[in-house]
Amino acid sequence: MLEQARGLYVVAQTPFDADARVDLDSIDTLVDFYFRHGAQGLTVLGVAGEAPKLTLEESRAVAGRFIQRAKGKPVVVGVSNPGIAQLAELTASAMDAGAAGVMIAPPNGLKTEEELFGWFAAVFRKIGDVPVVLQDFPFSTGTWMSVPSILTLIERHPQIRMIKEEDLPSITKITRLRAGAGRRVAILTGNNGMFLPLEMGRGIDGPMSGFSHPEMLSGVYRLYTEGRVQEANDLFDAYLPLLSYENQSQWGVAVRKEILRRRGAIRSAVMRGPGPVLTATDLAEIDFLLARLDRTLSARR
Amino acid sequence: MLEQARGLYVVAQTPFDADARVDLDSIDTLVDFYFRHGAQGLTVLGVAGEAPKLTLEESRAVAGRFIQRAKGKPVVVGVSNPGIAQLAELTASAMDAGAAGVMIAPPNGLKTEEELFGWFAAVFRKIGDVPVVLQDFPFSTGTWMSVPSILTLIERHPQIRMIKEEDLPSITKITRLRAGAGRRVAILTGNNGMFLPLEMGRGIDGPMSGFSHPEMLSGVYRLYTEGRVQEANDLFDAYLPLLSYENQSQWGVAVRKEILRRRGAIRSAVMRGPGPVLTATDLAEIDFLLARLDRTLSARR
Amino acid sequence: MLEQARGLYVVAQTPFDADARVDLDSIDTLVDFYFRHGAQGLTVLGVAGEAPKLTLEESRAVAGRFIQRAKGKPVVVGVSNPGIAQLAELTASAMDAGAAGVMIAPPNGLKTEEELFGWFAAVFRKIGDVPVVLQDFPFSTGTWMSVPSILTLIERHPQIRMIKEEDLPSITKITRLRAGAGRRVAILTGNNGMFLPLEMGRGIDGPMSGFSHPEMLSGVYRLYTEGRVQEANDLFDAYLPLLSYENQSQWGVAVRKEILRRRGAIRSAVMRGPGPVLTATDLAEIDFLLARLDRTLSARR
Amino acid sequence: MLEQARGLYVVAQTPFDADARVDLDSIDTLVDFYFRHGAQGLTVLGVAGEAPKLTLEESRAVAGRFIQRAKGKPVVVGVSNPGIAQLAELTASAMDAGAAGVMIAPPNGLKTEEELFGWFAAVFRKIGDVPVVLQDFPFSTGTWMSVPSILTLIERHPQIRMIKEEDLPSITKITRLRAGAGRRVAILTGNNGMFLPLEMGRGIDGPMSGFSHPEMLSGVYRLYTEGRVQEANDLFDAYLPLLSYENQSQWGVAVRKEILRRRGAIRSAVMRGPGPVLTATDLAEIDFLLARLDRTLSARR
């Protein structure tokens, strides 16, 4: 099923309350917000979801709540972990809870393709027949995979149903992946959607990223698939200044949570430490960018 | 003088001919193009200028030609090199040729601040009293400098007259650098200018970056310093899709050279190998983005 | 108490059975083996103990069994984890089970000393008043700490009672740490003990490392503290070829487990995958080195 | 010819005088010292030879002097450089001066095997038909090559005549390289010879490393090839404590130069900065280790 995925999969934030405890109630409002703004599915417990900051118990509770509230819509659960035993445990637990699949990126420290293939062989032997999203995000993992390597992994491991492509330039890699894959896998893209309309032109199946305004991501997807390419780009360009502002790794996540809070999607913008805390200057920039966005959108109407 | 710099310093490309030989004549047209579009100075032999691909002799010839054609306008020469003897030799040679100063980034492999400070102490002892731009570009060098570290370097080494800030988020770092520096240093920013208007708001003295349309960089600077903040952002936003497209490391350089060629600034878009070569699909995307830019600019008039 | 530690702390292997399941019974024989050969304490769930390959439940079971069998002798539990919540959970669980303290290395990806200090501040705030061994093992973690940085951490965080020093050269760092620390911390050394007699001369309190023949490590410590420096070196040199052979990261662990199996300390030499598997050639080399060791030791008697 | 090399190739130090200027006269005494102690050839301008600290002119002068004094014995010149134009220039210049070949390691920053192969293809196209030693030293370069990758490079590029293998464990890699290579290439090993007798057993053609006592390296080679395996190991073990002491990267080079100075091979032990400077404690350790070596060697006679 994941290999047939199309449209927006939102990379979900994990909400915390003012004391940095997981805020399960905000998960419900956040899920509703995402689906109301065009999501077809969710990806939870990714890097932007602050997954590494949770305990195992919290991870399970968070994934479970997202899945429950999604009411049958597909939820992919991030389970990347340098330890295969832990990864397998998280995978089993996510699938038991009703996940549509799990997302796996190779760990830091795989030094050659021989090691890369060996690691994934061990992983897939251990987790069994589970739908997997292979995440290609080398700037975060420190492990680079060439197009031929990814194609080899696709060929060897039928569990891989989807690629989340977020190397740069993503566009050239997408073209080569599409041309080279011997079977249908979905290709969705991350990098906060920074190149979404061009990636659509290269043949992806949709964005898999976070953004405070997911309606832009779903809107661009819809317009593009309807053949309204210029309009898709117009919509994208209107949001690009804010998108780019949010595209600054963990600091960008702080911005995104603040805007999600303002939009009523979550109750608190708190990130679990150690992490960025926005200053008055930062908040004023957010005001400024949101006001400009508002004006641009009004002018478009 | 460098500490008083204001406005656009263009990070210059190095032009090659169809056989990947240095094209000195194109340097002349390129210099004229840059100054015609608002440059106050140039930075040559940076990473985007393909400096690591040149021989020592070629480096000297390129720097010399840029300086000559700049006719007294300030030219900063990149001399970063893991070897201090080579760095010092390049520095002396650049200053002899009439450079306004040299740009130095710490090499890869400095593991602690103790090593960082030791390396710069050795460098500054060796090169003597030469105006220096300290480049903070950790994604390229692999060596991270915190704000306190940069402030310590500024305090210890009066040769540092300018910071080229291109860590991310640059904006928060600029605010802290401005607040902390005990003496006037100029702060210019790189990252292809991706956050230029916000960086202006944080107190920088101008952009130091490459872009196929330097008139945007100089225009944003001018509007902002005139207090026309919204107009500065409007101008910036018009170019942002193309700017972002060019902001993809060495692949982005290939795009930039192609556009500079189309604009008549250089004769050939060739990059010296091993490096990216644009495909028909890539070129069609450039057509598309330039056509959209054209339309946007027309609408603005 | 940890700050008063002296003598050998063995870095313990984790035994697995032929199917790569944790072999709790072998923990008992292994603990007895270690103490019979001169250990004063143990360090469990380190990198050489294959900690990253265990699930959380397994980690708890392993640590608990080691502590139980150690019968009051000090056991340090490795809890290093990029996620502070998980680290804190492991810490609480280890201390509840009776650990003498926990060992913490900074995670990969801390880029500056500002980030290093921030990370440890968050850790120590979270775990509370727990005795900590600070592990300085940059080749494994990818995070380098200078001597001034370690001294700052010691000064700021009274929980740090011991340093496990295994940067290279360890000897020069030990001299500087001993001279600079404002209060008593124990300094033990890792790197498989490759420089143990010299490190003793620099003022350490003992080795904290694994070796298939811990009697050498404890013997060198004893002889050295009795002032019999040449004899300490003689003993060390006799084992050095084998020690060096075992000092080859994860492949060396496979060798060590094979020898521990031959010596009856554990039932199976299996490492949990993905990891090295010894070939016939490897095993023949082990035979060869053990035979030579045997001859050398006989000649010494 | 390089593919038929057998025996010791000494990795040569670069001598400096008290003011850190290249000391060409000491090159003559050093070359004589190396050949007097069993060298069959030399490798100059490697990492241990402080090559990155020299200017281009100095590099040429140093290589030229070594070649001249070697009087026809083979001299390999290190030319590793991230820039292919510079690498090619150094190569041409070394071959003109009479080098037997050049040594090349891949630069830091090649992220995938696709990039690795692309880089070497560009290099070999550029330098033409020059005998090349491929250096596999990932701990220094940060670029890892698997055995299949090295075999692919050997197959594609007939210029590769020799492998300098210094990954760890070297022994397992040697076995696989020997079994897999489709044509004769020499395999020599680095890592300061730390595993020399075992590497001989795995089928290497000799050591390529530096050591203050090259007579050990040549002696082990000779004994081993004469079938006197135990004696080869006895000789090796006698020197192992000192060898291990010198095997501490740049700090170990400082030790080696100090001992070479004491043995009359060079006039000054100075390293060009920034680099380690030995303290009184360090020097006392050298005294201690040399005295112990002396005693051991006397006892063996």
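Going in written order, the chains are labelled A, B, C and D, and every chain counts its residues from 1.
By our rule, a residue touches a chain if its C-beta (ideal position, glycine included) is under 8 Å from a C-beta of that chain, and two chains touch if they have at least 3 such contacts.
No experiment lies behind these values; they were computed from the predicted model shown.
Chains that touch both subunit A and subunit B: C, D. Chain centres here are C-alpha means, and the one lying farthest from subunit C is B.
Inter-chain centre distance (subunit B to subunit C, centres taken as mean C-alpha positions): 47 Å. Between subunit A and subunit C the centroid-to-centroid distance comes to 39 Å (mean Cα coordinates, whole Å). Chain centres here are Cα means. That of subunit C falls 32 Å from that of subunit D. Multi-chain contact residues of subunit D (touching two or more other chains) are absent.
The residues of subunit A lying in touch with subunit C in their complex are 52-56, 58, 82-86, 89, 108, 118-119, 121-122, 272-274.
Of all residues in subunit A, those touching subunit B in their complex are 168-169, 171-172, 175, 194-195, 198, 201-202, 230, 233, 236-237, 240-241, 244-245, 248-249, 251-252, 279, 281-282, 285, 292.
Interface residues of subunit B, counted against subunit C in their complex, comprise 111-115, 138, 144-149.
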